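In what follows, subunit A forms one complex with subunit B and a second complex with subunit C.
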Partner chain A sequence: MARIELNEVVHSYLPKPKSESDYALKRIHNVWDDGGACALLGPSGCGKTTLLNIVSGLLTPSRGRVLYDGKDVTELPPEKRNIAQVFQFPVLYDTMSVFNNLAFPLRNRGLSEIKVKERVLEVAEILDLTPFLNKRAEGLAADAKQKISLGRGLVRSDVAAILFDEPLTVIDPQMKWYLRQKLKDIHEEFKLTFIYVTHDQVEALTFADQVAVMFEGEIVQIGSPQDLFENPEHRFVGYFIGSPGMNFLECTIEGNEARVDGAGIVLDEETAAKGRKASGKLELGIRPMYLEVHARSGDGMVKARVKGVEDLGSYRIVALMLEGQTLKARLPEDKPVPEGEVWLAFPPQWTKLFADGRLIS
Partner chain B sequence: MSLVLENITKKVGRETHLYNINLEFETGSRNVLLGHTLAGKTSLLRLMAGLDRPTSGRVLVSGEDVTGKSVRKRSVAMVYQQFINYPSLTVYKNIASPLKIARVKKGEIDRRVRRTAEMLHIEEMLDRLPAELSGGQQQRVAIARALIGDAELLLLDEPLVNLDYKLREELRVELHDIFEERKAIVVYTTTEPTEALMLGGNIAVIDEGRVLQTGLTPEVYHNPATTKVAEVCSDPPINFLKGTIKGGAVRMGWNIEMPLEHHMKSLMDGDYMFGVRSNHLSLSRNDKEDVEIPAKVELAEINGSETFIHADYDGLRLVVQENGVRLVRIGAEITIYVSPSSFFVYDEAGALVASPSREAVEGKLT
Partner chain C sequence: MEKWPNNKAWLLVLPVFVIVAFSAIIPLMTVINYSVQDIFGPGQSVFVGTEWFREMLADHRLHDALWRQFVFSGLVLLIEMPLGILIALAMPKKGWGVAVCLVTVALPLLIPWNTIGTIWMIFTRPDIGLFGAGMNNLMGIPFDHTDNWLDAWITVMLMEVWHWTPLVVLMAYAGLRAIPEVYYQAARIDGASAWSTFLYIQLPKMRGVLTIAFLLRFMDSFLIYAEPFVLTGGGPGNSTTFLSIYLVKIALLQFDLGPGGAFSLIYFVIVLLFCFIFYQALLRVGKGEKV
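And then the complex of A and B:
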């Protein structure tokens, strides 16, 4: 088991990188605690697989160090790092039985057959693989195969961390929830460091205690699922987490208000004070779920016009025009739908301010 | 133009893929075929396109029987799940290809390629090859090629399934707007009820080769005619509880009781199935008449805007949808609250006998 530290890691696939855009990873400085369930979340091309390959040792970074429990492993290949990996597609010995697949890493290390059997049976039981132990791996469904991949990591008592790269890609939707639950159970039981790379919000947020959101070669925020939703520190996090993403409105600050052209939106005092001092492009951000739509005017509300309403079954998305800018509100199914002219309330605790895409705090 | 499928049956070997399908589509209509994987959606699209022939039944276009007519002689464009483009042609040439085959003049081709590319936000990529684009962009190219020819029949087979959810979210909105402006018949297949609702228009719910229900999409969503339709039209899965109505009261599960009120008042005594969607189950009490269900948490799935709590009630898995991120410990004992007014009621044969009233929802905002 290990605490994994990335120290000023920078990587470019080009021999002589010139501009910032030549870097797949710009500057990663980060620690994953021993026994944590961590996710790396981001769209394709954000650098998350590059980062995972640096953690596993498949790739040596251009600059910076990788430490496992304080020990520098930057130059060590994967097999010397005591990690196990689960990839997108199951990697197994197809012609071997499930038992022999699970036993393989142990036999490689010269464990006695008694110990091998004991450990394999124990892990198979946890993964619900016991009934398949004598079956050949090739005939099994994708979810069983992914469990075997995971099992081969779990059987080893010396494993420092298990790395997952989009492990549920080939799993049927109906089986996904079961595997998500299994992974959480296993993490709870083994207390291993799990690092889980995915572009899928549900997978990252369901699995991890700490999610690192990556965007254009940078980690823009590390936080709990709740932090990411309720307090996004970067415009991209606001957009990427939640459906629909956060609303952003260009604004200026006057006193305690964010001015969106003619409309004044009251901010909490602290946010306004920081906003007055901030430089760069200022934007107000609010999640569609927190934006209130009223038919009548009230204290601090601003006037807007309803452009359209989409009924999505369990909720509705109302598209609104405010001073020439579009924003969305998300209303629960059982709330009546507004029409024409409406009044918007921006609850101050959910109204955030961003300067050049970063949360002012 | 109109498209009519008349008593269509499709057998492949000894297996029947489609059973006696009857559907009608009008010009300018948006139509969604909603069903699980392998329900028969793609088989149906291929018959409409003329890529396959039905075993029996007829396909009529504006009254004319085209059952045996080749796809080349029909005005149809199709988009597939996989991003299919000509790998050696630039994006420009990919999009232009249907017009080139139709011998449209160069200037006209250029105008339309640029307009269509703009509509799908790929106007900056016209000189690139498909392989140089992301998955989302490649699918936009395939969609652009399908849109450019003004085909009378536009078929899309789960076009967004292989894309990231953010891209899906954006493209859904764009496609909805694009379809609204088309004169064509648009037929769109999906496994996701939310996607069906977002596209709006008409829906046909398909399961195991049969059409189970047709109608306006929101109508069907809010009044699923059978337990099977309710299942196909709900994601996360709808919660079902077996129950009995007797002497003015409802008894469900092993310990849930509620008075026979609201939309259920006129139901006769007997055995029923009670269905309630996850967004109507809650971890907090919203009303004094809410019913309590004791359960144990199995998993909390978080997508950002919502948390889906899977919980066990007497061997049954219930799903509760909460807004925002809710942290719930696996194994925790919880109480689920539900209003008696939010149950769909089905008879023993699985047919809908009562739907929740929509009056409160459809009223004006005050």
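And then the complex of A and C:
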């Protein structure tokens, strides 16, 4: 178990990177606390796996240091770091039995057979693998295989952290739920440091107590799932988290109002004051579930037109046109579906202002 | 079962049937026909039943050739399979070296078989060959593959290994390249040694291609003819007379078509039988359940 620290880590796969875009990781400076369940969330190609491989030691960063409990391990190979990694596709030693698969990391480290057996049986019990112990790993289902991969990490009782690289990609939906629960249970029981890479926000938000959102080689925000939802610090976080993502409207600031072409939306005074000073492209952001849709005009409301309604069972998504820009609102199913012209209210506490993609606060 | 009203589609199989007939069935039938007759000349033949088969099966020169053939094929597999895997493991994984290595390694496979025999015959000639003369004059080790049976065997084995190991190398290399990088990463994280990585990842993942390489090498080495024929002509004495060389002696040099036909069929059955046994055995390798 360890606290993992990344100190100004930069990585490029090219031997001589020239421009900013040659870097897979731009500048990562981050600490994962001992015993935390952390998720790394981001779209494909944003550098999540690169970052994970740097933590595990499969890659050495171009610059920067990796520290475990304050000890510099940047130059150490993975086998010396005492870390476990579960990959996207289950990696097994096909010709070995499940027992031998689980015992493999221990035997490689020279543990006595008695201790190996004790440990393997214990881990197999936790992962419900006991009935398969004598079976060959090759013929098992994907979820059992992935549990074996996980088990190979768990058997080492002194493991610094377990890294997961989109481990549930190949698992059936109903098994996904079960395995995610299993992971949470294991985390609670052993208090291991878990770092979980995924592009699935549901997975990240349900699994982790701390989520780092990555975008184009950078960590754009770290926070609790609630934080990320309510206070996105970056346009990308707003867009990527939530279904559908945050609405963004290009705007200008006049007084206490954000002007979207003809329409004026009232902001709270503090935000408006900062917005007046900010430079760059200004955008107003609001989550679809906080956007209020009214049939009648009221104080501070702006007029919009309903373009379409999508019924998703427990709620409806209403697509709206506001001064030539598209917005989405999320309505509970018991609310009447508006038609034609409607009036939108933007609650000031949920209306955020972004300059060049970053939150003004 | 319902019958199809129109069976003309079967006619589409005809071209293939004709080709197979000409390439395999008719020649095979001819051989079977020869094997049961004593042929004196055109139009003069007597049906003899299984006489030739009985004669050939009892022929001690055939036994010797068969025994020699097994030793030869066994040595070929014992040397070429591990050597091929070793070379494949040592080859570069990326960069310009890959193309250079692949082409260099594959070169012996591109040379006509007769030419290979000729190359090695000249190379190992005790008087003027680079290898032969070098052994005799520079190293002071007497070497003459035309006179000494062991030297003849060494020469034939060297030639065979030089000629055919590349095939094993190419197949093993293809098998190695097909292993996803993530297996090696997992092995590193599990702290596996290079030997464990080979034993538990590389070898099992190469099983498919190695099975095919094994079968191909067994078959080809069991049927070898042109190279030893050119190099040693089966000598000295009968020491390198393998099955096909002996067969050609009977069928074409002595023109004993009947015994030759019987021999061919026995030969054919042996090859089929061993390929079947090996294939079944290799399919089962490592499939049992154990603790």
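What we mean here is this: the second predicted complex is superposed on the first by the 361 of 361 C-alpha atoms of A that agree within 3 Å, B and C clash if a C-alpha of one lies under 4 Å from a C-alpha of the other, contacts with A are read in each partner's own complex, and residues count from 1 in each chain.
Keep this in mind: a contact is a pair of C-beta atoms (placed from the backbone, for glycine too) under 8 Å apart; a residue touches a chain by one contact, two chains touch by 3 or more.
Treat the numbers as computed from the prediction; the structure is a model and nothing was measured.
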After the alignment on subunit A, I want to confirm one thing: do subunit B and subunit C clash, or do they fit together? fit
Between the C-alpha centres of subunit B and subunit C, what angle is found at the C-alpha centre of subunit A, to the nearest 10 degrees? 80
Please indicate which partner A:105 is in contact with in the superposed arrangement: first for subunit B, second for subunit C, both, or neither. second
First, second, both or neither for A:79, with subunit B first and subunit C second: second
So, does A:89 touch the first partner subunit B, the second partner subunit C, both, or neither? second
Answer with first, second, both or neither: which of subunit B and subunit C does A:299 touch in the superposed model? neither
Considering only touches as defined above, state whether A:97 meets subunit B (first), subunit C (second), both or neither. second
Touching partner for A:177 - first (subunit B), second (subunit C), both, neither: first
Thinking of the overlay built on chain A, is A:158 touched by subunit B (first), by subunit C (second), by both, or by neither? neither
In the overlay, answer first, second, both or neither for which of subunit B and subunit C A:20 touches. neither
Compute the least Cα distance separating subunit B from subunit C in the superposition and give it as a whole number of Å. 12
Overlapping contact positions on subunit A, where the subunit C interface meets the subunit B interface: none
What residues of subunit A sit close enough to touch subunit C in their complex? 53, 56, 58, 77-79, 83-85, 87-89, 91, 93-97, 99-100, 104-105, 108-109, 134-136, 149, 152
Which subunit A residues qualify as touching subunit B in the complex? 43-45, 173, 177, 180-181, 184-185, 188, 199-202, 205-206, 224-226, 228-230, 239-245, 287, 289, 293-296, 310-315, 330, 332-339, 342
Would you tell me which residues of subunit B are touching subunit A in their complex? 134-135, 164-166, 169, 191, 193-194, 197-198, 200, 218, 221, 277-279, 298-305, 310, 321, 323-325, 327, 330, 360-366
Spell out the residues on subunit C that touch subunit A in their complex, using ranges where they run on. 180, 182-183, 185-186, 188-193, 196, 200-201, 204-205, 286-287, 289-291
